Amino acid sequence: MTLSLVLQAIFAGVTNGIVYAFVGMGLSAIFKGSRVINAMQGEFAVIGAMTTVLLLTKSGWPYPAAIAGGVLAGALVGAFIEVAFVRYMAKKNASEDSFLLLTIGLALTLSASILFFIGRDGHLLPPIGGEGVLLVLDAVIQFHALWLIAIGIGATLLLRAFCHRTTVGLSMMAASIDADGAATTGINVGRMRTYTFILGGLLGALGGILVTPLISVDYTLGLNLTLKGFAAAVLGGLTNPLGAAVGGITLGLVESLAIIGISSSYKDVVAFSVLIIIMILMPNGILGRAGRRGG
Amino acid sequence: MQSRLLWIAVALVIWAALPFFVPRNIADLLVFTGIYTIAGLGIGLLLGHCGIVNLAQATFYGLGAYASAYCTVMMGLPSIVGFVAGAAISMALAYVIGRPILRLTGYFLALGTLALSAIASALFFEWDWLTGGTLGIGGIPKLNLFGFVLDRPSRYYFFVWIVAFACMAAAHNLVDSRSGLMLRAMRDSSTAAAALSVDLQSLRTRVFVVCALFGSLAGSLFAHHASFVSTQSFGVDRSISFLLIPVIGGATSIPGIVVGALFVTFLPEFLSKLGDIHQILFGLALVAVVVLLPDGLMGAFGRLRTRLAARQGNHAR
Amino acid sequence: MSLSSIARLTGAAALVGLSAMAAQAQTSGEPIKIGAIVSATGAGAGLGIPERNGLLLAEKDINAKGGVKGRPIKIIIEDDASNPDTALSKANDLIFGQKVVALLGPSLTASTVAVGGVTHPNKIPQIAFTGIGPAVERERKCVAHVLPPQRLNAQALLEYAKSIKATKVGVLHDAGYGNVVMAELRPLADKYGVKLVAVEKFEIGATDTTTQAAKVKAAQPEAVFIIATSATPFRNVKQIQIAQPVIAAIGSSSYEYVNAMGPAADNIAIPEFVVGEDPLPHQKAFVDLYKQTYNSTPKNYEAAAWDAAHIIATALTKAGADATGEKLCEAMKAPYTGVLANYNFSADDMTGIPISSFVFSKIVGGKYTRTPFRVAQ
Amino acid sequence: MPANAILALKEVGHSFGGLAVLRSVTFDVPEGGIIGLIGPNGSGKTTLFNIVSGYIRPLAGAITYQGAPLVRESIQRRGTAGLVRTFQTPQVFEQMTVLENIMVGCTKLTRTTMLQDLLRTPAARGQMREIRQRAEAACERFQLGNLRDLPAASLTAGQRRILEIARAVVGEPRLLLLDEPSSGLNAQEIENLREWIVRLNEQGITVLLVSHDMGLMTVARTVHTLYFGEIIASGDMAAIQRDPRVREVYLGV
């Protein structure tokens, strides 16, 4: 096992980790704001990426505008889902499990819709910073991956600032921590939940767009991303978007080191076993502290 | 009471006559309905009586199916060995894994079982010396009951449904028993149940084991029906569709499980007549059930009946 | 509504009827029903949709040429949603409900073996759009396959490696299809004097295989085989700058994958059968008709389905339009020169495709180009 | 430790996040007695109760029950050993009927395996019959007979309290822990409750009672007063009411 191989594994792990982190961050933002586990978070990524691809190739929009369009599409779908389904179910005091099933149903529907209306093709977007790569000790990392890491860190910090510094962010936090208390101080809890879904959709779509230069996106990608996003979010403690970022990178590294350390075919087995073990032994996630409640 | 007996008799006659009057593909779907009912019963017990979302049923279903396939095809043993081996392995695994994993609650438990299903599905691919990998294992013999070969859906139908009825009876017994009493207590208030010496962990684990047993039985039945097993039938998506059975039908009602199984086997069949759009429609139907009928079709049916009865009562007055 | 407009309408209707009759003029009588199962939705849609296109085109073509002894054929196409359970129940419907004389498809190996469990005991001829699968399929003497067995695919990869004088080969393969080909490739490699210096597996649907590719790269192979049904490994191999020739198994030969590979697709060599941009002489008619009808270029799966339909039609013509079961099955077993390949279903592998049927293509700028290399029989 | 103590606490201490809620609490519960525990809000009564019943593991001190160390036993094991509690807000099984609620209380007296239950073996049926008979008898004894088939959710607060006690008693406890049993009850109901406590005690059940209710507390032979995690006074109710410190901190006089 050479140094460059290990380095390459670390590069790949971090790059994948950022992908998982984006999905995980959206998941945990939605969970934090609404106590809903969103099984269609990966689908947000696919929607964002597909919209951007279509705007870029079919409508001929410039790349930045197409990205903005894709992000907007994710946010709109997020808002729609909250207004059309979640709000009604919350009014009826639906159980946590039924929200999980709702989003599973929506994920199946969206994936089938993309196949039916857009087609089975895999799509790619042009990388930011060109197709170039950075060579370190014979190990390669793409410029786009570096951009992805930079944007990922930026997005995490922005999200944190949004939650702690802005009125809307603070209201969302308050509504999620103590809905009744927040309502008495005049916060519209329902609207905050809508914002939460918009935020989740936005993060998901942005993540999807950013990874599309690395991973070709098609109708089957959503479930895969959701699974890994779940794992990232749970590793990080689920109620902490920053934790999801750390969880995602940990997961990515565990996977790629498992490939060089154990065997390539046991990657998923190792990753999901680590997930189960961490859930049982460290119920608050690897960042600890932040209280994590089960059911 | 007498009218109830009459209803049961009518239902039995219809049940017995059904495979002779429906086309073979419908009989085939009815066989699958029976198999899915068995698998769904276990999940229904967990979901309805323990509040546990089990997204790992495809694992036990797969274990049962592979055990049957391996024992009959690779080792040439009688079918019954496969059934027993599958059940034993599934129950042992459920016990060993259940103890730690069932310490989780709510969403985390759901995610834990999902992870379990993902691991199992990867291992089914990986251990191809045992499972045949993607190519699977073919040529699993049809069941032979004292010389009577169950080689077509209309014959196998009876066997599968008799097993299904036995499982339903067992599930009914369980709910009605001392364990059932404790389960229902646990669901209502786990703190109070603990104070009354109800051992939550062990009870949850044992129901998980029963669920695995049902899953494994269903898997063995599936293997002898399809004559072929491969990794494609035991992935995470199958775990999800198993979970839909009690959710759609109603987790606490045993007839609800049958309704749920009918829904997941027949609805795609009917929708597929509408062309490639059928998967979208199935997804939407699922969303509609979850949003509009939170306690499943059976729950909605029950409410409708109470309302009708109330209205009739009003008329009578 | 005025009288004249009614007259005009009836006239128009008569005209429509007439033209319809003209189209049908060559065929008459009850259509011969042939069943087909494809994966038009779900994970296998990338196979099933092109196969359905090929079937529809073949049906039109056969009927336009007079059908089977003057009788039209009707291909009833069902979708198994990439699920073997569904395939089984669709097969039961087609065979016992619709009373089809033969079954084409399904698209996926698992579904094929499951469906074979119905067609084989009931003596319904079946032509699957897959290579032969587990051992049990060798006993099913009436379930033919229009795609090569994985052993042949492995052989074709090795032939190409030999032709470019690569003796140290690295392999990247997925846990599904790739695993199956790999199992055949290992024992064959020795015979070809090829040393497998690194064999790395990844799970189906993996979004990244960079680390596996890096392990292959570290073994310093002279060529890399990629056996997968996704674009991901191809992109990763290029990303970590593996400069050695990349040879892909037929499973990743489709425009969808090539699109998804982007610039990474360039120079990949693929042993396959149909290069729509530059077809072989006997493939040209099919390719032209396909392009004309669908406004896109066909690949292997379209051709495989087309061949399957034509083989059944030919067998029916030979055995008589009323032939069913074993009689039809026997008729199907005559050697047949198809668009995809030459078949001989009396062969042990229920395919009979010779390695000489392979053509070797390279991808240049998102298009396939046919290389002159062929393997002699 | 007196030989006849069924429960003995020795220097039990606990804190939440550095905030000490119990400091070195020591007292005995004599077999067959009725012991009361009073104290203002936040004095640590509920924590102490949760420690004895097993919902919280104490950070310091030792507890013995029937002469054996108790701290490491699970809630369930305490229950089977005869140590049963009720809750401040009655925790009835709302979706089950009154009779079924009481039946749950009987389950610990019998043993069946899950296999027996699945197959409804004669043994399982016999045990179920026994459980039902016991529960029916208890229903009558606690004058819940006319409510027995109603869902517990439809009961009044007082009825729930009685149901909770009936459910606890039917499992043949040796030490009954009652947590604020009079809260939410009217005067008549409290009087009934008092009678019940006396009657159960006469039947040989030791009672540890936590309450605000000074009237109810007079059933206790010994009362301990808890204040900021410490016992500041012990004695019978009359003595407690005379104690100047108790009057100062608790009775607010």
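Order as written gives the chain letters A, B, C and D; numbering starts at 1 within each chain.
Here is the rule we use: a residue touches a chain if its C-beta (ideal position, glycine included) is under 8 Å from a C-beta of that chain, and two chains touch if they have at least 3 such contacts.
It should be emphasised that the depicted structure is a prediction, and the values quoted were computed from it without experimental measurement.
Participant: Under the touch criterion given at the top, what is the topological distance in steps from chain A to chain C?
Facilitator: The fewest steps needed to get from chain A to chain C is 1.
Participant: Enumerate, in label order, the chains that touch chain B and chain D alike.
Facilitator: Looking at chain D and chain B together, no chain touches each of them.
Participant: Report the most central chain, judged by the distance from each chain's C-alpha mean to the global C-alpha mean.
Facilitator: The most central chain, going by mean C-alpha position, is B.
Participant: Would you identify the chain whose Cα-based centre sits farthest away from the centre of chain D?
Facilitator: Between chain D and every other chain, the largest centroid distance is to C.
Participant: Return the distance between the CA-based centres of chain C and chain D, expressed in whole Å.
Facilitator: 74
Participant: Quick one: report the Å distance separating chain A from chain B, using the average Cα coordinate of each chain.
Facilitator: Centres of chain A and chain B (C-alpha means) sit 32 Å apart.
Participant: What is the distance, in whole Å, between the centres of chain A and chain D, each centre taken as the mean of its C-alpha atoms?
Facilitator: Centre separation, chain A to chain D: 49 Å.
Participant: Measuring from the mean C-alpha position of chain B to the mean C-alpha position of chain C, what distance in angstrom results?
Facilitator: 36
Participant: Send over the residues of chain C in touch with two or more other chains.
Facilitator: Residues 41, 175, 203 of chain C touch two or more partner chains.
Participant: Which residues does chain B have that touch at least 2 chains other than itself?
Facilitator: Chain B, residues with two or more chain partners: 122, 125-126, 276, 279.
Participant: For chain D, give me the residues that contact two or more of the other chains.
Facilitator: Touching at least two other chains: none.
Participant: If every chain is a node and every touching pair an edge, decide which shape results: line, ring, star, complete or other.
Facilitator: Graph shape, chains as nodes and touching pairs as edges: none of the named types, so other.
Participant: Could you run through all the chain pairs that touch each other?
Facilitator: Result of the pairwise touch check is A-B, A-C, B-C, B-D.
Participant: For the complex, give me every residue of chain A touching chain B.
Facilitator: Residues of chain A touching chain B: 37, 85, 88-89, 92, 94-98, 100-102, 104-106, 108-110, 112-113, 115-116, 223, 227, 230-231, 234, 238, 265-266, 268-269, 272-273, 275-276, 279-280, 283, 292-295.
Participant: Enumerate the contact residues on chain B facing chain A in the complex.
Facilitator: Touch list, chain B to chain A: 47, 51, 53, 100-101, 103-112, 114-116, 118-119, 122-123, 125-126, 236-237, 240, 243-244, 247, 276-277, 279-280, 282-284, 286-287, 290-291, 294.
Participant: Within their complex, state which residues of chain D touch chain B.
Facilitator: 53, 55, 74-77, 79-80, 84-87, 91-96, 100-101, 103-105, 107-108, 110, 112, 114, 116-120, 124, 127-128, 131, 164, 167-168, 171
Participant: Which of the residues in chain B end up touching chain C in this complex?
Facilitator: Going through chain B, the ones touching chain C are 23-25, 27-29, 32, 73, 122, 125-126, 128, 132-139, 151, 153, 222, 226-228, 230-233, 268-269, 272, 276, 278-279.
Participant: Note which residues of chain B are touching chain D in the complex, please.
Facilitator: 170-171, 173-174, 176-182, 184-185, 187-189, 191-199, 206-207, 209-210
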